[in-house]
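One chain, chain A, appears in both complexes that follow, with chain B as partner in the first and chain C in the second.
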Partner chain A sequence: MIKLIFTTLLLIAAAATTLAQAPDADALLGVWEPSNGKARVKVEKLGNKYFGKIVWLKEPLDAATNLPKVDKNNPDEALRSTPLKGFRLLKDFEYTTTNTWEEGTIYDPENGNTYKCIIKMKDENTLDIRGYIGISTFGRTDIWKRLVLKK
Partner chain B sequence: MEATGTQKIMLLVLLMAATTVLPAQTPDTTAAPEEDYSAYDAVTFAGEGTKRYCGPKILDLSPQKLITVGYEYHSQHQYQVTAYDTYTPPPHTINHARGLRVAANVPIVSKNSLTIQLSFNYTNTIYSPSIVKHHPLLAATLQGLSSTGLGTTVFKPWDERHFALLQATIEENGNYMAPSFPQNLAPRTSAALLYGWKYHDRKMLALGLSRTYRGGQLAYVPVLLYNYTAPGRQWGLEALLPARMHLRKTFNARHLLLAGYELEGQTYTLTNAVPNTPTIALRRSELRMRLHYEQSLSGFIWLTLQAGLRYNVKFDYDTLSGSADFYRTGSSKQPYYATSRVTHPFYFQVGFHLVSP
Partner chain C sequence: MACVILAATFLQGGCKKTEEKEWELAPVAIIWEGPLMEGPNTAQVAIDELLQPWCTQHQCTVADITHITPKSITITTTDSLLLTSCTSLALQAVSDDSKMLRIGIANPLVWHKGRATLTTTPDADLLPIANGNQFFWIMDANFAADTEATARCTMELLLTIGYKK
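For the complex of A and B:
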């Protein structure tokens, strides 16, 4: 019985911690624009992880085919017909420390590469997105800005 | 033993808590379910908008190498000093030459508004046979040539269209072999400063001035950077004139072929070249006309294969006062200490690289 109560308390504590973190962690949710302005990315939560999908493209049509752009540079041939609009390029991010999401990856449709990635929120409307290879030194940081939908 | 009512309620609470706390099973996370994306057409920045900058690359540019380890082999060729101390020795046959090429480029700052990289490189040329007893100048040269350099590259965009590029390198070149290093240093500095325009994702152009040893000796020359990818993204041009120019065929994002040339050169300080003679400097320059293939082996690990003709432009000797170099103008009458004639071998090069994101 004591074991049962102890386990219950642990679970309640874990749930409370999760709930206490939620407002900070969920600050990542929303629509963001990379610095090049070529796309808009909506960050959503699936389970306890955060994912970002392309919801808008500055140039939605492929210049060669005049059809909606697909993920033609994907190293997996089976995925090359996946439409870019709706494509999840941010994957598996977890809120780790204050204003930081890690353990995730970012995909670059321009070359089909997937990079390790750390997201840091500089302020409520600005993200530092660092994609890197192996160690953070070999990487590049991009600044994303929060967007709001016009009513 | 049967559970009591209280224990049953506890178990139920636990199960409910567990479903709240445990992560949901991860669904297919690549393609999201369809939704009405037109809602995202009309948006505004929540806070301050972002200032946009052009990046240092264009689409499909051959990838920048962060770490390189390469090997090079030159076929048989002849080497003859043609004017040396009134004595012209017979031609010397070099059966082959081989070399190591190691380089690293480490990004120190890599963000939208500024990119700064530090670089290191080491290359050498080992001749076979390497021992020539009857000819001190030839002997000093053929004991092997090395070049060790440290450098920096700074890319500073001003906005979406305009940028500046600075590249500077300091190198120690001579007839030494790593890990030994000359005691009396004679560093040579090269630099280039360019101002450029990025017209769109497939074209950038920059103009500037460089201080360079690619011609074998110190020179100040105007430079033109031009990188272009055609609309169909099958073909492109990568040029930094007059140093190099390559036509690029892109098979896909992981395979590409380049055809063109690169001018390579340096001034090497030769120690123990000629007794009781001031410092001897070898002015070496070669034009490499080549095919260059690049392929991703796995993710960011790339293989390069290169083959072509190494056309010798200059292989001459100067005397220097100490380690200081001098600038020989076009109208200069200053004679070389010795000149030489080197035939043009075929070469190939293989390299493994970690490439940049």
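For the complex of A and C:
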């Protein structure tokens, strides 16, 4: 009998944890600004994963062409006509542990490189975005701020 | 004995020849719910069990499919918002078990009598995305201005599917 009660309590606790995790995972949704202030990135949930695309550029026009900037540094020549505004630079993130999203990549349009990436939410308006090659020890962390601050 | 079974399996697999067929998917309704912002807006459509009906029709299994690549992507609409204010479209696909894949793009977007064609990414293999229970079409549309309206179009996809027969 004690075993049954214990098991039931465990199941209730597990269910409560699952229910509590769903809103945490979606805490990443919103518009974020990298520390250099050059762009704003909107994070969306597509399927069950999280993606971030550029929705605003401080300098939207290419100085050389005076046309909207495109992904001219993409290693795939066929993709170099893709508009930078709307470009999805955060891809395939999954909520793994508390306030952490992993398994995704970040793309740097300034050099055309894609890095593995871990996103950690320091508080509801601040993200640590760590891009790295190989293991996360060797990488760089940028701090992103939420554009519309939550109270 | 195990070697004999392995050899037989290998021989059986080896005897199958790969065929390619064109596969026209049922038209997909794409809706961007308003309000829409100036710049990129995303619509997503969930697709369940894409491959199984095709396999049943062609008397093969999902394991027999070798590749699925896009051949043509056509967008049709009578929506004035899309016709006048949308400057580019990009189609991707993603599933929970696979990375997002670019399928096609139209930049600039050119309409001809309510029809537009996306340039396909011919090497994009949809098989790892489509062989699960569910995947998502993700369509990005760039709009020239903010609007409260909702935009709608229909997407027609022609795929090339390779399978062992």
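The definition used in the following text is that the second predicted complex is superposed on the first by the 128 of 151 C-alpha atoms of A that agree within 3 Å, B and C clash if a C-alpha of one lies under 4 Å from a C-alpha of the other, contacts with A are read in each partner's own complex, and residues count from 1 in each chain.
The definition used in the following text is that a contact is a pair of C-beta atoms (placed from the backbone, for glycine too) under 8 Å apart; a residue touches a chain by one contact, two chains touch by 3 or more.
Predicted, not measured: the structure shown is a model, and the values here were computed from it.
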Using the touch definition from the top, say if A:66 reaches chain B (first), chain C (second), both or neither. neither
Going by the contact rule set out at the top, does A:56 touch chain B (first), chain C (second), both, or neither? both
Using the superposition on chain A described above, determine whether A:112 touches chain B (first), chain C (second), both, or neither. first
Is A:97 contacted by the first partner chain B, the second partner chain C, both or neither? neither
So which one touches more of the residues on chain A, chain B or chain C? B
Partner chain in contact with A:81 - chain B first, chain C second, else both or neither: second
Intersection of the chain A residues that touch chain B with those that touch chain C: 44, 46-49, 51, 53, 55-56, 79, 82-83, 85-86, 88, 91-92
Once bound in the complex, which stretches of chain A touch chain B? 1, 4, 7-8, 11-12, 14-15, 18, 30-31, 33, 35-37, 40, 42, 44, 46-49, 51, 53, 55-56, 63-64, 73, 75, 79, 82-83, 85-88, 91-92, 108, 110-113, 115, 123-126, 131-134, 137-150
Sites on chain C touched by chain A in the complex: 37, 39-40, 42, 44, 46, 87-88, 90, 92, 94-96, 99-100, 102, 105, 107, 121, 134-136, 138, 140, 142
Where on chain A does chain C make contact in their complex? 44, 46-49, 51, 53-56, 70, 78-79, 81-83, 85-86, 88, 91-92
Residue positions on chain B within touch of chain A in the complex are 7, 10, 13-14, 17-18, 20-21, 23-27, 29-35, 37, 39-50, 52-53, 55, 59, 66, 106-107, 110-112, 115, 231-233, 252-254, 299-300, 354, 356-357
